[in-house]
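As written, the chain order gives the labels A, B, C and D, with residue 1 at the start of each chain.
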């Protein structure tokens, strides 16, 4: 693991997620850019001293040489470090599991994509919400035509923790352009919403019109964004992401409507998916329950009615990564049922943020996603 | 009553709403533009034959002369008749209670506004959702500063009944520009959403950017609209109205967020209002329950926990109209607690539709509401 | 109307309910047992002075003689007056619409049943919850066998307004055995719950085991009751009624399960009925929505998605009474679709309360309902 | 691990739960009573062949002698094996983490309690629902007096999977008295409900009155139970457990009311706890959100708004066990904040089932829990 020193939220999440299905062992780390903290964190997590590194490059070099060196690395640093860190591992053939968004700049994103393309190693981006069983179910239903032709995609990711000026480790880098990148709420949570909508619908965004705001005085990055979307093929939609809406903790919600039916989902109750075939009663599909298909069943661990949450969805991305890594190790083709966000999803997320910022600067003009 | 012949949905609603608080008697009507239907409907509703009219003008003329002629008329025709009908009554001093939207064209709206201004009679527009007790509560809370400075207004009105091509009386005139006006979903339900958001927040819309669609082949009017809004004073918001989202019956939802708190409401559970003071637990305020104030109590009929619905909210508009009419009759100033949508609200709704259509034609350019 | 002077809650409810469908006019009343209050209330409601009575007997006598005297009377007094008042009208051929519970004592109930049987006039008891469209739907589904053989009936009616000692008109007579009868929560709300469960399932209660409590010191009547039920045919169930459960306003909830399916309903969202055919996804049936049948449609006034509430359900009982009265007037058989609670339902409610009290005194022994 | 061969549901749950916080490694197992299956399961889980045992006694003997033998064993067999298996480990000083209910018979339960008392090793029973953060919050609130004196405890655990006759591994042993014990639904899920209610309220059950049913023909054990409860100190309550209520997956719900407030919780949305201080608006407390205290925070892994589910609650029991085991290893007193179900909770659960069965046989007479 790179990053994730002891007081980092997302590092702990990655560690739990990697453990849930028992397919990863944490054996080495460059857990902080501050040497003392890196050492202390490594010790706290039970890493061997000789595999506790002060910087990621040294880690990549040495682990690549070790006979039983790491097969994969989780990169959970602030966004601006993603590119440099991932590059060192990818070019040495070590698989990368990287937190989102891909990078802090479009330029870095493109360079990283090049590195990833040139490497034999895998690149997995943890857009974890695609790991929820009911999002797999939704994707399968759209693909099966249960909704007919998709017309509308409404997605939102709404929080309130930045409603007022906040100081603290979690908040600081997320509102700092140098570490976060051009997008504030768009980068931190808008990319999740956009990725999830794309994952479920399979649609490609053509153009968008975005109106970004920084409501809190002195904040450099957007803390709220309204985005209208036009997809290839004629579907339309809106995306709302906000960090300043009191009463919303992590309100990720997706609604998709076609000419034959609609689905509705909220992360607050992730094991439930509403499905309405037009002209019939609403149905509440549940993880493991009646009416769900193979795609959801494949990533389901426990019986219906027992809530599976955020960590299990996250763990599913790790599990899919394990599937892909094992297939790679064995020289086999990974099953097409195995789904995880790739470098291309990461690039597309960066293009989304970039387009939002460009559009907003032009007073919400329609812009195409960059090539 | 003008319009509302026996198979019209909204006519029946107005009749019930007018009866609930016992302050109106239905004694005369021009219930249909088809004489036989007008007569049959009048008979079915127990009107005296000599007060059952074949056309609204004859009704206005005769009722104005009768010693005990009507004091007020409800106009519940398709939109394109509103102006002509309202004019006949207003200019004869008969109060008008008119269904929304105000008219089918901006030109008619302005003429009607002129007529209303010149008349001593009152003009009440039935944006009925403003009659819900919890919307009064919300308005009071915003005015009291419970939410702080308003930053975000998210409102939507979502239906599914026009998902596929529909024929029938209710559907036909609503998708016909000649009878409905320029706006489809924007006029029929978008105006409701816009009016409610304005009522609760007290904000004035400055500019909007709208992307309208007609998803069903052959449909002349919009059946879906995405609208981004910028309010005077800096608040932003979005409005989504749709008639093609399977699984939504009459999904009117309003969310308002300020720098001190947020509120959330849905017409499906109209007696509940979520309120979150920033940094405190969410609270569920209920009609008649703890924590609600005078504005809601004033329009509450029954104890908490017994759902009050659509008809009671509608009846409250009639009740407010009765308050205003009685004050007018007595030459008194009506209490400022009495709230009902006026000709100005109607005009503003027309400006909203007009702006949506103008913006959408210009590829969602920001446009100001017409003067 | 007898009872319902201006500050009585339930009198106002009956008046609105009687107006909603426009089939009743309030023309006479003995609105209070205090003459001045009776006169003041009559004047406030616009009754003619000569039809504003000081006592119900005088009213019954005179109205029965008037050429255009009342056809029906609503009795909305405290429980202990129901019998004496209803008797005067019934024996003079005036139809009675009476609030529940039937009477304050079992002896009165039996006498009233005798009077009603001997009278040609109709007796309608306002167990208003049976007027909700989705309860009609539920009854129809049970009758159609959609749930299979009924095994379980779980019903509860939970309030919190008597959690602590309360003084005031509404509370006083409800906790006073002389005016309320033997049952406190069992009589006031338990009878509603029991009636609704019986209405929907069509089951006959055989025996019950009840554990009643009076949690608030000094309270003479039960404010909470736990009841286990055994129905003829083998179904079992529980009934919980409480006035001391903080956070519950009027929490009437019914769940019925058979060997083929289950339904769940809550008064807080009365337009929704959950239906799960065993082995299939849960479906959310809505008033006016897809999948609902003729029984619900018959008592539906407005389109799906617009909440219909407590007053409309109550109005449906009045409307059904009007149907029955008109058929009676015309000497016709009323349609079997017309459903309203009768004297027998009232008697059964009294037997329920009586059995609860008897069982609880015997330490929750199983007792049969009295004959 | 003893039991939990590859197709057993609960074995997999225990394995994930033990991994989530990274404090246990699975190194040895007697995973099935069928040798071939035990070997196959061990291999599948990556156990060393010499630590894959065919029977639990051999495992206990050998592991106790190994220098680095297991410190703790998870027992996840059918109920009738719990006693014999746990005994072998306890008497050799190996800590036991055992699935519920404690045993299949009261006699076994008492013997096991004796063994546990005589052993220095710890005994942890996985009533996993006590691991949910909001149940810790609820317990803390009751203890703090936020609800005042507790009057009412309403708990239910409702499923539908045994609505009709089912064959299959999961179902077979659960409806077989020889393997499950005297209680069917009461033992399998009623004990969970009872334990959770006791955990949150701290109340001791005095007497109960139970009406048990076996609705499905040919079923030997109860598949539904209605229980009225009287607690020491005067609180009353009901418990409903059912396996035959279509539309319920794992519907565990707890409601507790005192003279100052009430709380309501459902496993379907485990991160939410409703709290109503009497006379104030309902509040929705959330895991990690405003208004929650130290007890919930202690067992919270991720930010508010990201659902934590069943597995994390289960993992918390494992984590608490780790705390206790480490304190034991270090000869220290474990912190009083560490909470896990003990042998005494297991005994109490057995007494509950025993009392239910005894009461039901005596026609729901009130019975005391056995000593």
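Brief remarks on what is shown
Keep in mind that, in the parts below, a contact is a pair of C-beta atoms (placed from the backbone, for glycine too) under 8 Å apart; a residue touches a chain by one contact, two chains touch by 3 or more.
Fair warning: this is a prediction, and the values are worked out from it, not measured in the lab.
When the contact pairs of A-B are set against those of A-D, C-D or B-D, over half line up by residue number only for C-D. Each of A-C and B-C has its own count of C-beta contacts, and the greater count is at B-C. When every chain is reduced to the mean of its CA atoms, the largest separation from subunit C belongs to A.
Per-chain CA centroids place subunit B at a distance of 35 Å from subunit C.
Note on chain placement: the centre of subunit A and the centre of subunit C lie 55 Å apart, centres being C-alpha means.
Shown for subunit D are the residues that touch two or more other chains, namely 248, 275, 282, 286, 289. Contact residues on subunit A toward subunit B in their complex (touch as defined above): 147, 151-152, 154, 160, 163-164, 209, 211, 213, 215, 224, 226, 228, 230, 236-238, 240, 242, 244-248, 255, 257-264, 274-278, 282, 363-364, 366. Contact residues on subunit D toward subunit B in their complex (touch as defined above): 275, 279-286, 289-291. Those residues of subunit D that touch subunit A in the complex are listed here as 9, 12-13, 15-16, 19-22, 159, 248-251, 267-271, 286, 288-289, 301-312.
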